């Protein structure tokens, strides 16, 4: 299945869409970056930044949640285009190891992309490490296709 | 069980502990407030604030995650005292309705408080409504009792 | 909300519906019983039976999963009637304590009942105990209303 | 990490251990088969059998839960040896597509194997298809090492 699903949006188009429609994610400094998209996949980076920290210099859980949630959203948008008002309906996250005080990388893969629901998983790593720091699985609801939802 | 578990910490003690040890949650403005604790329960408020918003004036998912996670942490600390370095190992959250542009209330209840693991559930409401906006279930790992971890 | 949602089906009607349409749950002996339904709630019993056991006389995880899943299904059916082909799309279960070698009781409460999705939580107890043995949260997809769903 | 974790148990040893210690999984017919183990991975098969069916010839959710739970257990045992009394503490499962009326294959991968907790994910397929039918993430608690746990 995955092989045939070329994304409809490029990294530049996704970045512009987020800048316009989700400017909130940049509040306090631009830290979320879409680095690549492929068939049913997305690769994001969360820059190391004071506002993502917890005591001890570790990355905060809510920041990792935000990264996972955004990675899923980007992977879905890339496939279905910017007509989306997709909303998260469920997200389950496991925190596995203490993150390093560094950028975090999120690798997202959609495992279902239906007309009404999309499901994906996200593995998060400290940059330069191949140990999974946190792993999330999430479901988005996709609204019925309408004209344009910008 | 619940009846016999009087909290070890008061709302004031918990608030001071968070101010000292989790000052990060106040970055950008003090919005998280512990309002009450009881046997295995905690009641928190997240004030309506620009930094918790998503397009359309709704509350952001990561902010609701942060509220749920904090409510669990507070409920656990209240029971076991400020010796804690408890960390979230799993959090599952269901987003049920669009939140109102208002304060959010979190009602947390621990359903297990073991020596190594604590599990609780959190129902979140827009202030003044009795419809659940989001519901979370989470597990914390409690480190082996040591001297002091404040 | 809950107050106004009187169930459309009685315990007897639900039991007959399951006997006809989900006879599989009775394979190996009738152990699942609907005991009560109310507005957005259902109360089920899983009789203690050899086929639900694990080594040491404890109840098997898959049996508790089956009980939780069925409790959600019954609570939904009770509200929307037997036109359903509702299917589970997500179920998250936390196992909290070792179950006693006894009947298990499931208390289910729907926290959302939309046109397309229903979400509920289920607390499971060993009969006669008020300690939660396992807790589940699940989401069902409700198919578009049509004439007949057998 | 994974590269260095050669399993301590072979498929034959795991099969014998399950036959002795978890004979319950074979109740009603031997349908669960360990097919391969590797570093932090396990590959299982659930044979198509009447007792795993739901109306319409599809595979029952509780059977898929049982398969996912067993795959995690086998992957953990393979790594730490038969000294285990590991128990599931959390399992989250997403049902993505209607399973075919065929054998199901489970591919499990541990993403954390700590001293106290192990976390893994399981992708389930209908035999001969590469579309994921269900996906689970689960956490096991590993008891403190002691002499023997048979």
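Residue numbering begins at 1 within each chain, and the chains themselves are lettered A, B, C and D in the order written.
Everything that follows uses one rule, which is that a contact is a pair of C-beta atoms (placed from the backbone, for glycine too) under 8 Å apart; a residue touches a chain by one contact, two chains touch by 3 or more.
The model shown is predicted, which means the values in this text are computed figures rather than measured ones.
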Equivalent interface to A-B, taken from B-C, C-D or A-D so that over half of the residue contact pairs match: C-D
Angular offset of chain B relative to chain C [C-alpha, multiple of 5 degrees]: 180
Chain pair showing more contacts of the two, C-D and A-C: C-D
Centroid distance [mean C-alpha coordinates] between chain C and chain B, Å: 29
Whole-Å gap between the CA centroids of chain A and chain C: 34
Whole-Å separation of chain centres (CA-atom averages), chain C against chain D: 24
Residues within chain B bordering two or more other chains: 89-90, 92, 94, 139
Chain B contact footprint on chain D (complex, rising order): 89-90, 92, 116-117, 139, 141
Chain A - residues contacting chain B, complex: 21-22, 24, 27-28, 50-51, 53-55, 60-63, 65-66, 69, 87-95
Interfacial residue positions of chain B with respect to chain C in the complex: 1, 92, 94, 96-97, 111-112, 119, 121, 123, 130-132, 135, 137, 139
